[in-house]
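Report on the structure given below.
For clarity, chains are labelled A, B, C and D in written order, and residue numbers in each chain start from 1.
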Amino acid sequence: MDFSAPHMGFVISSYAVTIVVLGALALWIFARARSVAKRLRQLDDEGADRRRRSGQATA
Amino acid sequence: MSSIERFANPTRFMRLQATVQPWVWMITLALFAVGLFLGLARAPADYQQGETVRIMYVHVPAAWSALMVYTVMAVASIIGIVFRHPLADIAAKAAAPIGAAFCFLALATGSLWGKPMWGTWWVWDARLTSMFVLLLLYLGYIAIWQAIDDPRRASRIAAIVAIVGFINVPIVKFSVDWWYSLHQPASVFRTDGPTIHPSILTPLLIMGLAYSFLFLALHLISIRSEIGARRIRQTELARTGALQ
Amino acid sequence: MRIGPGEMKSAFAAVISRDLSLAVRQGGNIGTAIGFFLTVIVLLPLGLGPDQQLLQRIAPGALWIALLLSVLLSADRLYQTDHDDGSLEIMALSSTPLEVVVLAKASVHWLTSGLPLAIAAPVLGFLLNLDTALILPLGIAMVTGSLALSLLASLGAAITVGLRQGGLLVSLLVLPLYVPVMIFGVLASSGAQSGIDNSGTALIILVAIVLAALVVTPFASAAALRSYMR
Amino acid sequence: MALWSNFTFNDGLFALNTARMKIVGQQLACERGGRLVFAGVDFTARAGRMLVLRGPNGAGKTSLLRLIAGLSEPAGGTLELEEASLPPDTLLGEHVHFIAHQDAIKLHLSVTENLSFWAGFFGGGDVAGAMAAMNLTALGEFQAQRLSAGQKRRLGLARLALVEKPVWLLDEPTVGLDAASLQLLADMMTRHLDGAGIIIASTHIELPVKSSDILDFAGLADRAG
């Protein structure tokens, strides 16, 4: 590849924009996956707590 | 409760996804490595367009994938509406932002390619125009999901939007081609067709495959998140209901 | 199903006559459509300059844009009152399929916006220096194409009927569906303006698009309306 | 509507004989917006009797009526139409009069025009009789927007007398009615029950209608968890 070729800026920009957009998309998807997993764990813990407490109450 | 039954299948999906995910990522990365190597280091520069032709390796696969993802979305919507399968609705919803990103990339790189070729950032060329309409279809679909609160209702309405849009895509393509050929008979340049040289075609196809696998990888994670989000919603609703 | 064709016809007629008299009494639809149409036609030369040649060249396209926007704007709230006052639910509970109701309402919308505009457009075309040879083809293309425009706009209205911020969404959803109608509508009304005369073929394709819309939109709209009732 | 495929039909006579008709709901559950409104609701509505739904706001009375009408689908349980002489592919929806909170009237049409529209839509109906039943005859030429709230309600209720349908689902039909109109409604309901019709109604006040069963929603919300 010849980096001194004319219009090389356009080639680099299009690869850059691809990396930025796909990277942002992936990061957004990862972040969402992480926050959903975290909230699920939280809810699970709360649910377990609640069950334990109600179990003690009836015991 | 009925939700256990409803998520029986999603649970199976979660297990499958966890096993498959690392392999999909490996294949994706390998395809990108090979495709970029062949496209950037091995393939020759075009005798007419010079190095600019290399934009093709990110532009064309993005356009292909945008169309493919819309097809996936429409098929999932049909399955969702006919068989009332919640996983299909979720799959359709999860595909949309990824497809929209591909579509946006096709437009952005197309415009970056157009500037040196045509001297302007935007041309109402048949291909770019169809892509633009496809982006609008994606945005409309995403907006419907945003606008409707109840996921079951949203999935129905969004499915109708996706299916009608899917019927619309070939009609738009046909009409835009007609319109463009009438206003400007000769195509400025061609990126596909039988004249393409194998040294260019091979990396192009590999990049196309790489994009498809990237979609698969991201789609699987998104579906997983969406299933989780629905569980959260349901649990929270049940708990606030119990607190009343 | 046990529904007699007579019952369906009477329901169809009932909706049409009710909505027509409502449209005449309230004047909402017709007023919006004509007002918007005139606005575009008058503002265009003011924005582009009075060059007669230029205006003549863009006249068919400009008239189509005006038609399209007017139809879209007046269709926005097509099902709103029926949805809000509970009529739609009663209709859904009858033996008449909701698809018939959708067709009736789209027809009324066409009769009160698309049709009058399609008839008025060639006449108003003189403001844009429209080629007199194009008056008839433009009229025919617009009467035909506005059918598809009304059907598609009613689909957009059905999809957003239960939503508060429906306006923007309707435009976003309907715009892609309008692209083919726009293209073939303008081609069918421009005669040989762009070189070869393709208006005959374009008109046939326009008719095909109308038929496709006639098949798809009642089912899609009825399905959307039902989802909002659940 | 898909719900009515849940109905079983025991005989296939093509005459609409409702004398032995029963609507039976078993362990019904209803979900709205992902939230469980109620669960485990059992009821039987018999021909010639009125089933009154009682309970606090938000208990799901309206949701149950919409479920029976076929406007929504149950999240669990079954709804059955028993011993009805309806053809097996009938949609119950078309045999139902549903009076909801909205009166389904057009403000820019006159009283007569409003009823004539519904008569036309249903393929025929007794407009004059319906107006007489709810004492609207004198108001015939008035535009609906000039009516008071109670008069609008009466216009909405007049639909009941317009076309004969075996099942009436009434959601708070008495709201806004004065004593005289209440009596008109009660008379209309009594006539319907005497003709072996079914009425399921949610109401806060005692209606002067004989032979009613009560389904109490109080306490059902607790079972929803």
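Simple rule for what comes next: contacts are C-beta pairs under 8 Å (C-beta built on N, C-alpha and C of every residue); 3 or more make two chains touch, one makes a residue touch a chain.
The model shown is predicted, which means the values in this text are computed figures rather than measured ones.
Chemist: By Cα centroids, which chain is closest to the centre of the whole protein?
Modeler: C
Chemist: Which chain has its C-alpha centroid at the greatest distance from the C-alpha centroid of chain C?
Modeler: A
Chemist: Can you check which chain pair, B-D or B-C, has more C-beta pairs in contact?
Modeler: B-C
Chemist: Quick one: report the Å distance separating chain A from chain C, using the average Cα coordinate of each chain.
Modeler: 43
Chemist: Let me have the rounded angstrom distance from the C-alpha centre of chain A over to the C-alpha centre of chain D, please.
Modeler: Roughly 50 Å, centre to centre.
Chemist: Just how far, in Å, is the C-alpha centre of chain C from the one of chain B?
Modeler: Distance between chain centres: 31 Å.
Chemist: Among the residues of chain D, which are close enough to touch at least two other chains?
Modeler: If we look for residues of chain D contacting two or more partner chains, we find none.
Chemist: Got the chain A residues that touch at least 2 other chains?
Modeler: Residues: none.
Chemist: Among the residues of chain B, pick out those that touch two or more other chains and give their numbers.
Modeler: Correct list: 152.
Chemist: Every touching chain pair, please?
Modeler: A-B, B-C, B-D, C-D
Chemist: Where on chain C is chain D touching in the complex?
Modeler: 1-2, 4, 6-7, 10-11, 13-15, 17-18, 21-22, 25-26, 81, 84-87, 89-96, 226, 229-230
Chemist: Using the touch definition from the top, list the residues of chain B that touch chain D in their complex.
Modeler: Of all residues in chain B, those touching chain D are 1-2, 149-152, 230, 233-234, 237-238, 241-242, 244.
Chemist: If we count contacts the way the header does, which residues on chain D are in touch with chain C in the complex?
Modeler: Residue list for chain D touching chain C: 1, 69-73, 87, 89-91, 93-94, 96, 98, 100-106, 108-109, 113, 117-124, 159.
Chemist: Help me check something: in the complex, which residues belonging to chain B touch chain A?
Modeler: 40-41, 45, 50-52, 54-55, 58-59, 62, 97-98, 101, 104-105, 108-109, 112-113, 115-116, 214, 218, 221-222, 224-225, 228-229, 231-232, 235-236
Chemist: For chain C, which residues count as touching chain B in their complex?
Modeler: 155, 159-160, 162-163, 165, 169, 172-173, 175-177, 179-180, 183-184, 187, 194-196, 198, 205, 209, 212, 216, 220, 223-224, 227-228, 230
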